[in-house]
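Going by the order they are written in, the chains are A, B, C and D; count residues from 1 in each one.
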Amino acid sequence: MSSEPDAPTTSIASHGAEDVFIRGVSLCKDLIGQRSFTEVIYFQILGRMPTSDQSALIDACLVALMEHGLTPSVLAARLTYSSAPEALQGAVAAGLLGVGSRFVGSMEGCAALLQRVVNAEDGAAEATRIAVEHRAARTALPGFGHPTHKPDDPRAQRLLELAHERNVASKHVAAIAALSNAIDATYGRHITINATGAIAAVLGDCGVPAEIARGFGLIARCAGLVGHLYEEQQKPTLRATWEAAERAVPYEAGKGEG
Amino acid sequence: MSSEPDAPTTSIASHGAEDVFIRGVSLCKDLIGQRSFTEVIYFQILGRMPTSDQSALIDACLVALMEHGLTPSVLAARLTYSSAPEALQGAVAAGLLGVGSRFVGSMEGCAALLQRVVNAEDGAAEATRIAVEHRAARTALPGFGHPTHKPDDPRAQRLLELAHERNVASKHVAAIAALSNAIDATYGRHITINATGAIAAVLGDCGVPAEIARGFGLIARCAGLVGHLYEEQQKPTLRATWEAAERAVPYEAGKGEG
Amino acid sequence: MSSEPDAPTTSIASHGAEDVFIRGVSLCKDLIGQRSFTEVIYFQILGRMPTSDQSALIDACLVALMEHGLTPSVLAARLTYSSAPEALQGAVAAGLLGVGSRFVGSMEGCAALLQRVVNAEDGAAEATRIAVEHRAARTALPGFGHPTHKPDDPRAQRLLELAHERNVASKHVAAIAALSNAIDATYGRHITINATGAIAAVLGDCGVPAEIARGFGLIARCAGLVGHLYEEQQKPTLRATWEAAERAVPYEAGKGEG
Amino acid sequence: MSSEPDAPTTSIASHGAEDVFIRGVSLCKDLIGQRSFTEVIYFQILGRMPTSDQSALIDACLVALMEHGLTPSVLAARLTYSSAPEALQGAVAAGLLGVGSRFVGSMEGCAALLQRVVNAEDGAAEATRIAVEHRAARTALPGFGHPTHKPDDPRAQRLLELAHERNVASKHVAAIAALSNAIDATYGRHITINATGAIAAVLGDCGVPAEIARGFGLIARCAGLVGHLYEEQQKPTLRATWEAAERAVPYEAGKGEG
């Protein structure tokens, strides 16, 4: 813990009796009614206002991430809400706890690979190196592959297309194209760039650092969870899900022991 | 649990190999790149697209709710992140667990009062009844009062002004004005409409039901927490906060026992 | 917030270079190796060591609360673990978020009813009043009734029996017996005292205040969740539960809208 | 996800109208009132009853882990409780989310090192290899070192002593002794075995696999958090902690930007 500064400060917000300031900008005069939620998200996190093209791409990434149906994260949130309806925040928190390394978190892994390609002297060679390494180790390639969206993930295609249309596409979008080519050549078949792969590239070219990219997934999914919990309030699924799970995972004597 | 339907369904999302649909609308063709995050939030939760004026007001509410400095919720998230940096989602979840009845949750209480005024035959009389009841019971009026923003909370003023400018202001904004008048008359002094009060009124006039209003607070705060955690990654505050808390709450033998 | 003391203190723990003290007692000399986990739980929370009979009853309550199969709380924890295996603590937290008002939290509601009976001048009359009130309002009686354990919940019977054997049974156990009689007479049929009802009574007679009773449910369930997550590590159920839930809650156009 | 069994089962609990069974054993006849909470924790997780000596050591580890004063985890739980007092479970969950890799989670890292020593043909040589590797990489040695407990952590000493007294000490306790010797020799100074190091060794010799060891930390800390939240109910610290944190981490324009 010796690396912590003796006197840390915060530069995010300050307030007085007459206003609140986010990074020095008046919340009441210059943000509320002047800027979209997406613009202020970017501004609060990164300390600079996005261009309108960057803002359009951030919007697109958040929209693409928001909703994926009855995922494990949504199921956890709904089960929690119907068990503890006194605390909507608890159900949202339970859902977000599943936004981890296995699903949405693959953005981070892909962003790290793109960083390697971007930083390499010879990007194409580095992309091939990554593909060969993963093939040899038989490990999953974060940002690539999808069980149902074949041959291509339509969300990824749309996001990358939009990045070109808006002239946001730059080094990270080029890196994922290079990586995709290298992967197809190395594996001898086409493996789609999936939604989290495209988002990693687009966020990278919008200036979002890899270490906070997962945060955009959390914001988008938080919104998605609220919609599911409003539906759960009106049409509870707890009983149906619970009974289905009990049938799907029956009791069997002695087989689960350590 | 007898009130649960035998065969609940979900109407939020469906997907095939070629696209994902949110409430029947193509994610790839009609949402990504076509609609803002705020519009899709509203659409996914409520099942209809907002008008551009409603969208502007939802943006304004989310922006107003997003950031309030080093609140207890932010402190909980930062302390958790620096204790368990392997899981950004855990830190965000810890922060959201503090978005409860005492702070942001007051939106819900205020929305319930506004509902009473809106539904009454004589709204002004109902507003007076609410003020008199709360004064007699010496209970807090959700949506009213602020320790530092006096005489008026500038965020609330801006939000209500914007609701009028955009012609979104309707029954709920009228109800909070009636309630404010009744409160000032009953208490014999001016008590400000605070940010959560104005947001309750504006969300009500945007068609957001009271029972899910807190969800908008959760979405906005989720974004705010991500910004604080990115700052925490770069400038850890754990050690400073921890030591300050230990000094502020010293050990005293035997005084905390049950 | 005016009720908060200006200078709060804590009386739980202190430490120096040579030892840690819990409520003034040496952790290393007098607790580790000298006292059971259950005794130290009681001591840390309540500030006094339990008698051996109280300790036996607290053990019995924790054992009775620990495990109830694939409950919604367990399902939420397992779904979260398999989505975010990097953070066991996140999965346990997700599971505990479902330990709310609907299931385990009924302990608190029952404890409040028992308090009314205990504090009344005429306990039997108060018990009848409670039964009549609930029958008229058609509201659930916390601590009473069970869908499968009929005519009686065997856990409740065992716990109350043990409270008598160990001479821990006192005012709260008498109160639940009085309440049970009043309920059977008022409703004209036998409604079982369930596990959370018996636990409310037993914890009350062990000196655990109603406002922290749910905490014992959280401790017990935390242990139960750890067992399920160890099984989930070895035999993942995510895929089976997810698919079963998707079949049980199918997509239906337009029926979930607000 | 191909590694998931097609038809997973659970072997933890089953129930009928007359009883609940944990791993085939009657909850009402053979566990409630017959076995301690600690014994049933071990039994539910691992599928076998501990010996009385193992049970004593598990008790000792849980007692040692339970309480460490106003840690970041406790602060997060208290801040959350006073923000959302409607949901005790949310505050406990927030606290547990901080039981991560940096503090209690070091058990897991230490357990992995002990496993290397235990599995090596020449344990002493492997211990030296571990010490040399960590010294060269300048990385922290999980389970070793403590800022205030010098020269030795008294909890670690007591736990290891108890493991010998109860004849539980075996390969893992021997491994931590070997590792400690190798570390002192390699670094040229004495670095204490800390509490999480001793617990890793003792749990290992009690038959607890490394991958679930952190679970025992979560159970113990859950109990500790309940005690702090009961104190928070009676003597709220939110205001004092919040103000202290704001003073300790002041606003500074422009220094926190990305």
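Simple rule for what comes next: contacts are C-beta pairs under 8 Å (C-beta built on N, C-alpha and C of every residue); 3 or more make two chains touch, one makes a residue touch a chain.
Bear in mind that the values here come from a model prediction, so they are computed numbers and not experimental data.
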If you apply the touch rule, which chains end up adjacent to both subunit C and subunit D? A, B
Report back the single chain whose CA centre is most distant from the CA centre of subunit A. C
How many angstrom between the C-alpha centroids of subunit D and subunit A? 31
Subunit A and subunit C have mean C-alpha positions lying a whole-number Å distance apart equal to 36
Shared-contact residues (touching 2 or more other chains) in subunit A: 8-14, 45-46, 69-70, 84, 86-87, 89-90, 93-94, 97-100, 105, 209, 212, 230-231, 235, 237-238, 240, 249, 251, 255-256, 258
Applying the document's contact rule, which stretches of subunit C touch subunit A when the two form their complex? 69-73, 75-76, 79-80, 82-87, 90-91, 93-94, 97-103, 105, 230-231, 234-235, 237-238, 240-249, 251, 255-256, 258
For the complex, give me every residue of subunit D touching subunit C. 1, 3-20, 22, 27-28, 31-33, 35-38, 40-41, 44-46, 56, 58-60, 62-64, 66-70, 87-90, 92-94, 96-100, 148-150, 154-155, 157-159, 162, 165, 209, 211-212, 214-216, 218-220, 222-224, 226-231, 233, 235-240
Write out the stretch or stretches of subunit C touching subunit B in their complex. 8-14, 23-24, 45-48, 84, 86-87, 89-90, 93, 209, 249-258
